[in-house]
Amino acid sequence: MYYTLAEIAERFGGRVLGDAQVRIGQIATLELAQPAQISFLTNSKYRAELTRTRAGAVIVAEADAQATDLPRIVTQNPYAYFARVSAMLNPAPEIKPGVHPTAVVGEGALIDPTASVLATAVVGSGAVIGAHSVIGEGCFIGDNVMIGRHVRLYPRVVIYHDCMIGDHLIAHSGAVIGADGFGFAMDEGRWIKIPQIGRVVIGNDVEIGANTTIDRGALDDTVIEDGVKLDNQIQIAHNVRIGAHTVIAGCVGIAGSTTIGKYCQIGGSAGILGHLKIADGVVIASFTLIGKSIREAGSYAAIFPFGKTEEWRKNAVHLRHLDEMAKRIKTLEQALLKTVER
Amino acid sequence: MYYTLAEIAERFGGRVLGDAQVRIGQIATLELAQPAQISFLTNSKYRAELTRTRAGAVIVAEADAQATDLPRIVTQNPYAYFARVSAMLNPAPEIKPGVHPTAVVGEGALIDPTASVLATAVVGSGAVIGAHSVIGEGCFIGDNVMIGRHVRLYPRVVIYHDCMIGDHLIAHSGAVIGADGFGFAMDEGRWIKIPQIGRVVIGNDVEIGANTTIDRGALDDTVIEDGVKLDNQIQIAHNVRIGAHTVIAGCVGIAGSTTIGKYCQIGGSAGILGHLKIADGVVIASFTLIGKSIREAGSYAAIFPFGKTEEWRKNAVHLRHLDEMAKRIKTLEQALLKTVER
Amino acid sequence: MYYTLAEIAERFGGRVLGDAQVRIGQIATLELAQPAQISFLTNSKYRAELTRTRAGAVIVAEADAQATDLPRIVTQNPYAYFARVSAMLNPAPEIKPGVHPTAVVGEGALIDPTASVLATAVVGSGAVIGAHSVIGEGCFIGDNVMIGRHVRLYPRVVIYHDCMIGDHLIAHSGAVIGADGFGFAMDEGRWIKIPQIGRVVIGNDVEIGANTTIDRGALDDTVIEDGVKLDNQIQIAHNVRIGAHTVIAGCVGIAGSTTIGKYCQIGGSAGILGHLKIADGVVIASFTLIGKSIREAGSYAAIFPFGKTEEWRKNAVHLRHLDEMAKRIKTLEQALLKTVER
């Protein structure tokens, strides 16, 4: 499908400058865009690329409105505008409603007639699949799981029994929702399993990345609030609560019973210990372990700076003697004071 | 099912104080328990919650026996007692024995008549599935795999050919047991694959979390001993041996040929380099890399403490100059000594 | 199958010393080898093991040619030689070509008659599977995916639509190739999804470990060049490019749009931030976060050295005061200078 700049602006707003009849069929980076494609500039410092691009049109901010002669749409938030245009130009492929003959559906499952259960998927007894939702190939939906509307599960997602999923969830392949939390009691030299009888409850508009795992609660539920976005290979332990619109990058681990606020941003491979509370609006750097609750919004980090291995080694050896170093400094200060006083 | 306190104590021991005829149908936290539910106190410092709970009964330690008037069971280890009561109140759902018509079973596989092979599972030639074991939906069991009794594989577990699994294993969705270890030889600018011909051998009473991976040995086997508990997204490389009753939290990586002792506890996202030996009873903190063998039991850590990003940055910059800092302190000490000696 | 040393040397080169008619059926470590097995010595410091081994023959380097009387093959690169001999002694099991009756193949998919699509696998419309490739049990191949020749996908690998895979790929169970990259634009308090319309393009001779994830590009492609070897549970974000023959150990995370050179080696659980460039031949230690581009080959590290927890704590507390410590040293130096000048 092709759209003119005028049609795009009519749909998403913004001000057209230059030829509004340019026809656009795809979106692309400034570097690789072709004449039938639209590109975008989100940061004025890359303005120079505007002069080199072969794009047929661009999306720019007010501040960059005059930085090019190309046909352009001027808008407050070019990045969000780009996201919307791209979604229009790249609609999800249509999937036929209905249950594929190789799918297996348990007794009493309620599958909306507009929903799709694709090849080799398994849906448990008493599960409910809402309107326009798509259960991908080879997915497993446990007994009594409730899935809302417009949910898209990519192939081989697993949702254990009794979990509740809101509307518009996107979950990528290999995600596992509702496996047992990690709970054992030591008794006479053996670990006894603690049954995990809580659920996972997921709000609306959540996205879950490939191979991410979210454990069910031990007694109460694990909760993912509306608008949370989780990247790949994240581990969320039992009874964690993640506040609305928080985004978490890949490979993060969050230990049990921790509560994370709304609009937080957690960098890749970070970790948060258990039973903590993280305030709204907290930004955590990649590779940072959070070992105490954070009570105020702001940016937090704990990264060991890298260097050439031989230099790292020369410096790192002193970390085992920092306390001694601090004492020697103190001793020096006192000695010097005495010297001066003499 | 409901049980009186008297019936529970008859089954699991402990001393009942107060009304032994209170009927209990579920277990819950002190905060959320209802009158037909039993709760538990594992730490005296939360005694105050006993006064607020609506639970019908509680499980407490000897030291807290008089801290409440609620009907109660007094026991030495309330946490283990809670685990046992919860298991009684929440039995695993019964699963019909037999092979689902959509499952695929290879030639010569031996499936005990009390075992279940659920929908879309695939069992290879010559595999053996023991009594009362359940092979979940979409699982893959390779050729000649031996699986013991009372094993529960949740949906989409993969076990590669020739691996040996003991009794009472619980493995969660997405776990991959027996994939090739990571072994290559460099030859004239190309990596040549080293065939991984060992197996994974797993003892009894092991639990393996969702999306955890345990690689098969290169030549000899990778071994997980009895009672080991592995959380989600753990990576265990080829030829690792994990000692009995060791517990490992989520996202830990253990490199090849490392041997870990019995009754160790390894925190989330920790790592252990290859070819090391870790003694029995070692506790490793979250986010800690172990780069040398540990010969004695005890607690080990290496965590960079987090702070506000600007403070972290101000301090971290000096890590690249610690060696210089140490030298300057030494110079100061010598200079001061001379000054004093003058 | 058994082979004499003479037959092995005829096939792979090298010089036979001792009885060339010894028959070999398997390969094993020096410690566990039996008389019908061949072993190998890759490091002269383990020479003592040669005297204890029960192996029928060994593969040694020129420098160790006289370190044993055992029948032996002398070669420049014993480790690569071992890999070749092992591959000969342990050929992959033969898999019958054709599409299993429980597999589901979409319209217009082209499956080479020598290829295999195993039980419960799903192949999308327009996909192409090359000669001698094996699509394992329960794999999902999206629409229009192109897969080359001699590819081996183990059970439950997922490849999303439109991705391109070269020849001789080995991908282990749970690997997910082509899931959406993690891209959102914030707009009035909500995250809007940015459609991920690039692909994953994988060269020849690549290996991908269990549960590793490689995201599709946002606009352009994510690219894995020839000969790259990826261990388990690696996360590769959208638009990353990994140079030929680079090897990456388990649990590594690489953020979006980073380019890694050829012949790099990245240690386990390391991380690389987004939009960086890593030169050819860079070696990164385990557990190291790379936060800036690296322009020259060499070895880089950033590991916090571990210790007993109480010692770690005593030292780590000073990390929050390093800047102050540095200032106190400076003050001392100036004060001492004045003292001396007096």
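So that you can tell them apart, the chains are marked A, B and C in the order they are listed, and the count of residues begins at 1 in each.
The rule is simple: a residue touches a chain if its C-beta (ideal position, glycine included) is under 8 Å from a C-beta of that chain, and two chains touch if they have at least 3 such contacts.
Small disclaimer: the values here were computed from a predicted structure and weren't measured.
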{"item": "Fitting subunit B to subunit C on CA atoms, where both chains share a sequence, rotation angle to nearest 5 degrees", "value": "120"}
{"item": "Copy pair subunit A, subunit B: interface residue numbering same or different (half cut)", "value": "different"}
{"item": "Computed distance of Cα centres, subunit B from subunit A, in Å", "value": "25"}
{"item": "Where subunit C touches two or more other chains, by residue", "value": "102, 120, 138, 156, 174, 211, 233, 251, 269, 303-305, 307, 316-317, 319, 321, 325, 329, 332, 336, 339"}
{"item": "Residues of subunit C that touch subunit A when the two form their complex", "value": "102, 104, 120, 122, 138, 140, 143, 156, 158, 160-161, 174, 176, 179-180, 182, 184-187, 189-195, 197, 211, 213, 215, 219-220, 233, 235, 237, 251, 253, 255, 269, 271, 273, 283, 285, 288-291, 298-305, 307, 311, 314-319, 321, 325, 328-329, 332, 335-336, 339"}
{"item": "Residue ranges of subunit A touching subunit C (in the complex, touch as defined)", "value": "26-29, 32, 77, 79-80, 82-84, 86-87, 90, 93, 100, 102, 118-120, 136-138, 154-156, 170, 172-174, 205, 207, 209-211, 227, 229, 231-233, 245, 247, 249-251, 268-269, 286-287, 303-310, 312-313, 316-317, 319-323, 325-326, 329, 332-333, 336, 339-340"}
